[in-house]
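Below is the structure I would like to discuss, written out as structure tokens.
By letter and in written order, the chains are A, B, C, D, E and F; residue numbering begins at 1 in each of them.
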Amino acid sequence: MFSHNQRLQYSVHVHEPNPALANLMLEQFGGPQGELAAAMRYFTQALAEDDPGRRDMLFDIATEELSHLEVIGTIVAMLNKGAKGELAEAVDSEAELFRKLQGAGNDSHVTQVLFGGGPSLINSGGQLWTAGYVDSIGEPTADLRSNIAAEARAKIVYERLINLTDDPGVKDALTFLMTREIAHQKSFEKALYSIEPNFPPGKLAGRPAFADMYVNTSQGAGDMRGPWNNDADFNVVSDHEKHMGIDGGDGLMSVKLSSDQKKIVDQMTARLKSNLDVNPTTGAELGKAGGGDQLNRH
Amino acid sequence: MFSHNQRLQYSVHVHEPNPALANLMLEQFGGPQGELAAAMRYFTQALAEDDPGRRDMLFDIATEELSHLEVIGTIVAMLNKGAKGELAEAVDSEAELFRKLQGAGNDSHVTQVLFGGGPSLINSGGQLWTAGYVDSIGEPTADLRSNIAAEARAKIVYERLINLTDDPGVKDALTFLMTREIAHQKSFEKALYSIEPNFPPGKLAGRPAFADMYVNTSQGAGDMRGPWNNDADFNVVSDHEKHMGIDGGDGLMSVKLSSDQKKIVDQMTARLKSNLDVNPTTGAELGKAGGGDQLNRH
Amino acid sequence: MFSHNQRLQYSVHVHEPNPALANLMLEQFGGPQGELAAAMRYFTQALAEDDPGRRDMLFDIATEELSHLEVIGTIVAMLNKGAKGELAEAVDSEAELFRKLQGAGNDSHVTQVLFGGGPSLINSGGQLWTAGYVDSIGEPTADLRSNIAAEARAKIVYERLINLTDDPGVKDALTFLMTREIAHQKSFEKALYSIEPNFPPGKLAGRPAFADMYVNTSQGAGDMRGPWNNDADFNVVSDHEKHMGIDGGDGLMSVKLSSDQKKIVDQMTARLKSNLDVNPTTGAELGKAGGGDQLNRH
Amino acid sequence: MFSHNQRLQYSVHVHEPNPALANLMLEQFGGPQGELAAAMRYFTQALAEDDPGRRDMLFDIATEELSHLEVIGTIVAMLNKGAKGELAEAVDSEAELFRKLQGAGNDSHVTQVLFGGGPSLINSGGQLWTAGYVDSIGEPTADLRSNIAAEARAKIVYERLINLTDDPGVKDALTFLMTREIAHQKSFEKALYSIEPNFPPGKLAGRPAFADMYVNTSQGAGDMRGPWNNDADFNVVSDHEKHMGIDGGDGLMSVKLSSDQKKIVDQMTARLKSNLDVNPTTGAELGKAGGGDQLNRH
Amino acid sequence: MFSHNQRLQYSVHVHEPNPALANLMLEQFGGPQGELAAAMRYFTQALAEDDPGRRDMLFDIATEELSHLEVIGTIVAMLNKGAKGELAEAVDSEAELFRKLQGAGNDSHVTQVLFGGGPSLINSGGQLWTAGYVDSIGEPTADLRSNIAAEARAKIVYERLINLTDDPGVKDALTFLMTREIAHQKSFEKALYSIEPNFPPGKLAGRPAFADMYVNTSQGAGDMRGPWNNDADFNVVSDHEKHMGIDGGDGLMSVKLSSDQKKIVDQMTARLKSNLDVNPTTGAELGKAGGGDQLNRH
Amino acid sequence: MFSHNQRLQYSVHVHEPNPALANLMLEQFGGPQGELAAAMRYFTQALAEDDPGRRDMLFDIATEELSHLEVIGTIVAMLNKGAKGELAEAVDSEAELFRKLQGAGNDSHVTQVLFGGGPSLINSGGQLWTAGYVDSIGEPTADLRSNIAAEARAKIVYERLINLTDDPGVKDALTFLMTREIAHQKSFEKALYSIEPNFPPGKLAGRPAFADMYVNTSQGAGDMRGPWNNDADFNVVSDHEKHMGIDGGDGLMSVKLSSDQKKIVDQMTARLKSNLDVNPTTGAELGKAGGGDQLNRH
């Protein structure tokens, strides 16, 4: 059960309205690396988690991310406050309002026209938030790695936003939010490594011959060696002929059809056979300049 | 530049057609943890990567994932082969075809009716693949963590699929694909730790006071301690009053409006003010049984 | 700022696992009429709301909806608990697991294979939640009407789910959730009618001639009169000729182009002109049985 | 059965091309509050409606909305007419065309480059129209409320667009379209209240104890009372402890597993247990500056 | 301007309710090859079309497709009629309703639970209709080819549906709808070839050396020749080395950076450099069974 | 099985960074007419294709399209190279970085902030790539027509992009890519017409009476004749009365319900009946200025 207090986790004192900056902030409100995605990632994991310790941690962090969603959404609302009133009250002339809207730049027009200046669950490019951003799969050693990665991504997007604003209030709140991603990443790392073993994830072991193989599929001038394909840990296979049928088999495909099914498939294949021995006249030839001339006049 | 050979990386010899199993396999063809998402994650990173070693590794693995997309898509095609012909050729009666389609179960009807038995870029529930699954953000210490997590997730989904089939050919190919995710995860781990330092990701340091803080937002009976909020690494803040205005400020929000803007915002607020002193008759009251009686008769 | 307690708003004691029922429940977890959509609708409105009373109400109800999301998600987790372990641990044979998965029915396979039995932000058909479900536009007389409608829809979907289960614990919790939608609808109705006036929404009056007009565009046997086009309130226009150019104008379209623009548009139009005087041979004719015969043989 | 006449419902005489304004207009062509969403909302309801009066009304208004889609689409086409020809014919230099495209502003580049200046089913931010905007659920007391709300939202978006243009022809047509939303809202209101009773929607009554309860989940400084939680109609519960297990139960969750299932779930939980007594070295520590030094050198 | 009559273009007399069949029919209501996609494809083209003949044809066919949308939607409504009432009125026991819902099969549960038995803009797998299905780009020689292809696809999906039902009324109406796609394809073919020339589409000629080249990228056992790479029309390039830098250049990439930009890019690259000379300990090694032992105990 | 070489199919030498131009290029990277859609269209067809010749052709062209995806993605990466470093390294002041980001124009801010300057699978408006763009349906005479149309559309979008840039390296590579679409269209045309017959697509013939009928649904001033409704090939039906019940039937709809089902449907209809004889007071009337006055005061 959640409860709420209108005091924010972090104070938001914005210097002046700036709809274009507001629009960039949406990246962390309704964008793929934003706070709703984070909150929902951890919340859905918490609900299905059977381990009481991790469950508590996931609820702790999910709840904090909801509070971050509130902070970033409040920044958006503050930055839009002036523009919102101007469009709703239409005190300026239409030409002046149009000029202001255009002048604000980037995609801030969507926020003004469609959402009336309110924070909305889109990213800075207007893309609707989708649950496709939430990558929880219900297995903790995979999910914790997803969480670690998600915190790293969110940290970077905050860093980029911080680099783009000199409004001290916005910068301050963003720095707080960015720092919290670091703290959360640390917690998720601790949680991952307190499951022993956690690699490979899951229960099934891989097949040894393929677990240490590095398939060198991209060759030529840029071909390189590095820690990711070092000889101590990996068996590097560079011969492209050996990449195919790497099981030692034919590299082909087959399925056993019943004789009835085979007959039907053969019938379909015959019906739709490409005749290899023709050079048919085609629509492209009819359509070329002069191409249809002898054919299509009355 | 890519080139292709019709021999598969791994031979696919399927025991017999099974459209319902085919549909489950789509999870790794057009699903969020599937091979297209993997290939596109690494390919988009490779294109923007300036470090020649990582760039080569990303192309190597992206190319292999495309080859895996081909293997899993071939499994789908083989498992659907019989059903595909039957619907296209309509040799059976309509009632028999309907019965077969229904009997196959799960969402395999979409594959038959819409895609004609071919592999399509949907997951096992019919959800269209979306680039929202690709979480590349153009910063290698974040992207490599995303790759590590993605490989872990894909490994688990393959494990679940392996647990669901006793077709030896399908099981064999799935086990190969699952194992390769383990190998890829190892390479991405090596690549991450060959960047020094890689934590925190990015260039900006966090604010120390918040980087080691654990905000205990979820309390009550399930409240627990563990490695993720241990005293050695974390400053645990449990007093909910201290969670608000954690910056030491008021936890409130403000923006400095020009006097013109303020006037307009005030005007809008007044126009849309909720009158707190009324108990208005509402639509709900009109709509209750007997509610509109005295009001609405001719 | 949010806080959380692991005790639920409503106790969830499920009689026995039932993955197919779990899948239906997803409709109110990640479906369009579900609790996340509700929570986000009110939360985004609250953040932008300048009226302190409505702002508080919106936070109250948004927070409760998050708690409902937790309740319905917990129902899903409980109903899936058995199946989740079976697939992850693979104690049964593959054939048995496949049979169970297929036997559960509807789209529950997605929850098992992709989400490991955890609640996920999809509806009962596997469609990913999208912010397109959130219809907040930042104008309270419109938004409150959206909220009233959303509560009515959610009430109905809960009613349908209640009609589909005889698990007493599930039925009990669903009835609570359904009832709360009624209470919320009442609050939103009160809030709407405490703004005076609230109709028409917004600031601009409509043009009187068109505000009371009913355009009878669908005619013929089913044509009817009712309260929605009664003579007291509406001017019914049935003559279809009068529907066109209803402004009294020509019903046509035009734009003033500069002479340069006009020249370019004319050039484009001429280049792409359809020749009305030909009966061209087409691809369809080439493609008919025997159609291409004289043309395309070597 | 539909029929069509090329004369528009309302004449569209645009003063001059303006691709940026065209792009804003897309909000009502392919946006969530636009005419296609409206037409499809009413059309899908009409098809399933068993009441002959409402069915006729829904077809009337759906058909008019399609005619509005035509009007707004025609405005878009007119506003783009010049730019469309310039890009297709490439009479200007590339630099000049690029400058014009950039100069037009907002997202009008998508319309030019991808759609060739034609109206397309995206909103003003380029988001593809999705049926997630259509909220019909096949129950008239809910659907009519959705229609009322949708008309209110569309009215507001038109009002915002009107405030942004001083092209008299565009303004005139938009004012017509805005006014028709008012008229439609009135019809839908009449239709809702001609169903008696219509509140609560559906057939099941709620549980009385919860139907009049107001759960005060958001407290602190902003806590307020108003018509939405007045004492006459609502039982306000403010004690947060009472919010949990509001049924009088434990607020916990359970499911009865068979002993076999329980054994498997326990096995899974043990396998994935978090060890609470360790402080594991993690990736974050390896990744810190200097963190991996003693470990990873050759 | 559209008008409407409640008489359908084609009579729909369904033998008996069948929710599973209804669900399959949704493929042509809200699916990618369905009637809404068709209507919107032609309608958006018509609005932007400057050629009066094609414009009229596009309106004719768009209007007919809307009438087909009505026919297929009516079939869905009829097939669902019984089930719809049963769920809304809940005359049966919950267990019986659940059994019926499950028994109907495929994705029909979504239609019942979410849409109340009404036709909705999803495909047979529950995927929401998206404007991504509409491929109009505002150039008639491309758009007409898209229309020809779309009619061919729709014809095939209708054929598959016809093969799946023996309800004579449904079969009859579907056969009508399928036949109309043939007629429309013929009209679009005529329209394409009445533009002279229409190939290559657009205004710019291609570069001759590449316009007749066939790049044989897929080689090995399955390599074949056919009309699509015949010697008369194509210059087949099979040497893979020649595929790269096919312009005769280096096949590499470059951009001229200013010296300031170069300095910054170099700085970033150095900061994120992969150290090729280490074999770092990684998370995978920490996570292996026994892997973290010496490191992470208290 | 795929292999890769870091040499591109076409050399990419960009004159100078230009993030706005980069953003336009995304249209062919992650847009609906772009290279990923093309590659996936042909690749999914190849996997299901039983005809060996077409299968080889589809793999050839799919593989080349992947190589084109690499070329266009490389152009994006080069054009963004400077801006990417500036944002990541934050050498400039925040105000300067914000000014540069805004100044670049169009939607390039998304690429910078979210994707760090890397190519991403969105179109130039920020819309995520969706598999809804891929229209393969597993029937070659339909799929080949889809391919022909797709190549025509891609050719046009390249042409528009070429018209927008004067960077000689970009223009050169785009012209190559555009030309290859012409070559591919020719191959697909040859492949289509080497299937005999290919029209109508599929196996079922249409009903003759409807296969040659042209339904003139859009009439009035713009009504025209042309090749698409010529008398030689079409039977034009213009009488709107004859459009309804075109089967010669009543144009109505029906379904045979069991008597139990009928009773339930009647019960539902009665419960939800619209009372035609009332003029109910509605929410609109309560909401009008002064409307609720007599009702709602304390």
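Quick notes
Keep in mind that, in the parts below, a contact is a pair of C-beta atoms (placed from the backbone, for glycine too) under 8 Å apart; a residue touches a chain by one contact, two chains touch by 3 or more.
A quick note: this is a predicted structure, and the numbers were derived from the prediction, not measured.
Each step here moves to a touching chain, and the least such steps from subunit D to subunit F number 1. Chains that count as touching both subunit B and subunit C, per the definition above, are A, D, E, F.
Two chain pairs, B-D and B-F, are weighed by contacting C-beta pairs, with B-F ahead. Interface residue usage between subunit D and subunit E, two copies of one sequence, is largely shared: over half of the residue numbers at the contact are used by both copies.
A separation of 22 Å divides the Cα centre of subunit A from that of subunit E. With each centre defined as the average position of its C-alpha atoms, the distance from subunit C to subunit D rounds to 8 Å.
A straight line joining the Cα centres of subunit A and subunit C is 23 Å long. Shared interface positions of subunit F, defined as residues touching 2 or more other chains, are 1-9, 32-33, 53-56, 59-60, 62-63, 67, 74, 77, 84, 88-90, 105, 107, 114, 116, 122, 125-128, 130, 132, 137, 139, 141, 148, 156-157, 162, 185-186, 190-194, 196, 199, 203, 217-218, 220, 222-227, 230, 233, 243-244, 251, 265, 268, 271, 274-276, 278-286, 292, 296. Interface residues of subunit F, counted against subunit A in their complex, comprise 1-7, 50-51, 53-54, 87-88, 90, 93-95, 97-98, 101-102, 105, 107, 109-110, 112-114, 116, 122, 125-128, 139-141, 148, 185-186, 189-196, 203. For subunit D in complex with subunit A, the touching residues are 20-21, 24, 27, 31-33, 105-107, 123-127, 130, 156-157, 160-166, 171, 217-223, 240, 243-244, 251, 265, 268-269, 271-276, 278-285. Against subunit C, in their complex, subunit A makes its touches with residues 1-9, 30, 36, 40, 43-45, 47-48, 55-56, 59-60, 62-63, 66-67, 69-70, 73-74, 76-77, 80, 84, 88-90, 114-122, 128-132, 134, 136-139, 203, 277-283, 286, 292, 295-298. Interface of subunit B with subunit A (complex): residues 5, 7-17, 32-33, 52-57, 59-60, 62-64, 67, 74, 77-79, 81-82, 84-86, 88-89, 91, 130, 132-133, 135, 137, 139, 141-142, 145-146, 148-150, 152-153, 155-157, 159, 162, 172, 175-176, 178-180, 182-183, 185-188, 190-191, 193-194, 199-204, 206-207, 210-218, 222-230, 233-234, 243-247, 249-258, 261, 264-265, 267-268, 271. Residues of subunit C touching subunit F in their complex: 141, 192-193, 196-199, 220, 224-227, 230, 232-233, 244, 274-276, 278-280, 283-292, 296.
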